[in-house]
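To start, the structure itself, in structure tokens.
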Amino acid sequence: MSISFFIGGARSGKSISAENYTLNLGNNPFYMATCEILDEEMALRVKRHQQRRDKNWTTIVAPLDISGEIQKIGTRGPVLIDCLTLWLSNHLLNKNNLDEKIDELITTLINSKSDIVLVSNEVGTGIVPDNLLAREFRDNAGFMNQKVASVSDEVYWVVAGIQTQIK
Amino acid sequence: MSISFFIGGARSGKSISAENYTLNLGNNPFYMATCEILDEEMALRVKRHQQRRDKNWTTIVAPLDISGEIQKIGTRGPVLIDCLTLWLSNHLLNKNNLDEKIDELITTLINSKSDIVLVSNEVGTGIVPDNLLAREFRDNAGFMNQKVASVSDEVYWVVAGIQTQIK
Amino acid sequence: MSISFFIGGARSGKSISAENYTLNLGNNPFYMATCEILDEEMALRVKRHQQRRDKNWTTIVAPLDISGEIQKIGTRGPVLIDCLTLWLSNHLLNKNNLDEKIDELITTLINSKSDIVLVSNEVGTGIVPDNLLAREFRDNAGFMNQKVASVSDEVYWVVAGIQTQIK
């Protein structure tokens, strides 16, 4: 089973790249959305994503328990998880232990019985944020991305819709 | 006719890379600046850019109507457009429809009779901005960059003055 | 003597990449830390870095005078400098002339008698910062990174712990 990782900025085209990649992995793809639809802005984003996707996808909303959902899917994958930074942010807002959650995710990925494709944001190449919470989130997101990349078979850096394989 | 696209961060050296590239395309290069000189800070930036450039360049200031200016230049190019994020920002401040403006630009690029070289900023890899306007701009800039890259023959990612061809 | 440059975002894994690279350059590596330990948050970061490093390293704290310390080390290197953006920030806070400091650094690098490995942050690919000081810092950091890259024999772009040689 393979683990593939797409990382890029906001609106870099990383989701489309990852979707196309997932479609080539198998006929019964799962789309695991990590967002909770809490406001108009988010609703618009989800709608835009859904309109783009083929009807073949099975959509699962998993704002917190990615690991449990991956285990439930078992061998029925491939599974696209979009995106990890939002999942991490949800755990931060729920005051969960992020190190534990990240390690749990890594263990689940390694033991997954389906091909997994993950999408995440690079959030660390702007100016240092003013507030401590944003800095903590940025640190945790960076560590998460490193760990996910280290267990991934393939890693793609996405800029302006162009994917470049870096691992 | 070719379309080439240089994308990178602020002060990444993308303008110099794009200038050198444009000079190799032909003897009568046009430099299309998208800035309006509204303050001291901007004046300094423009001056720095101009001092660096060879005297052969014909400079055109086009804060809003890139498409019209490209059409006027016709076959007399090549044309360097620096930069698209500022052009998009100008349209945002003028409350114009950004989707329409981007689509108009794409159509003009496809139909251009001169070689075109475009410069743009990656603005999506920092922490999510606090305010809605910045998020909207970031989204629109990302979508614009994707569309421009998709019609470009060559795309270069620029970091610390080093250009890497990604398409 | 070689100059090598690792650039990436916060928590991109650039320090680990640079450390491993430096260890392959020689048996008596120097670690030049540019931070002043002013608060708890910084102390935690330094501790995390130190715990990761092998006992063979000689640590030097050089928040301002990298050039002097490189000269003192002479031929006893290799030297890892982590990181340049913090060094630049220290000079900014001390109201020193950044152009002069950067040029002095470049001269020192060119004349160094040991292999030098430098680490720096890409800080220019987020939204334009609100305040003038942050914009000035971003500009200066970008120019510094360009100059350092231009005199480097090898440049690596680091994302999610994955290093990609771009020069």
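Think of it as A, B and C in the order they're written, each chain with its own count starting at 1.
Heads up, the rule we're going with is that a contact is a pair of C-beta atoms (placed from the backbone, for glycine too) under 8 Å apart; a residue touches a chain by one contact, two chains touch by 3 or more.
The structure displayed is predicted, hence computed values, not measured ones.
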Angle (degrees, nearest 5) of the CA superposition of chain A onto chain C:
120
Do chain A and chain B, two copies of one chain sequence, contact each other through the same residue numbers, with over half in common, or through different ones?
different
Between chain A and chain B, what's the gap in Å when you average each chain's C-alpha atoms?
31
Could you list the positions in chain A whose residues touch two or more of the other chains?
9, 122-127, 138
Listed in rising order, chain C residues that touch chain A in their complex are 8-13, 41, 121-127, 129, 134, 137-138, 159-162, 164
Within the complex, chain C is touched by chain A residues 5, 7, 9, 120, 122-128, 132, 135, 138-139, 141-143, 145-146, 148-150, 155, 157, 166-167
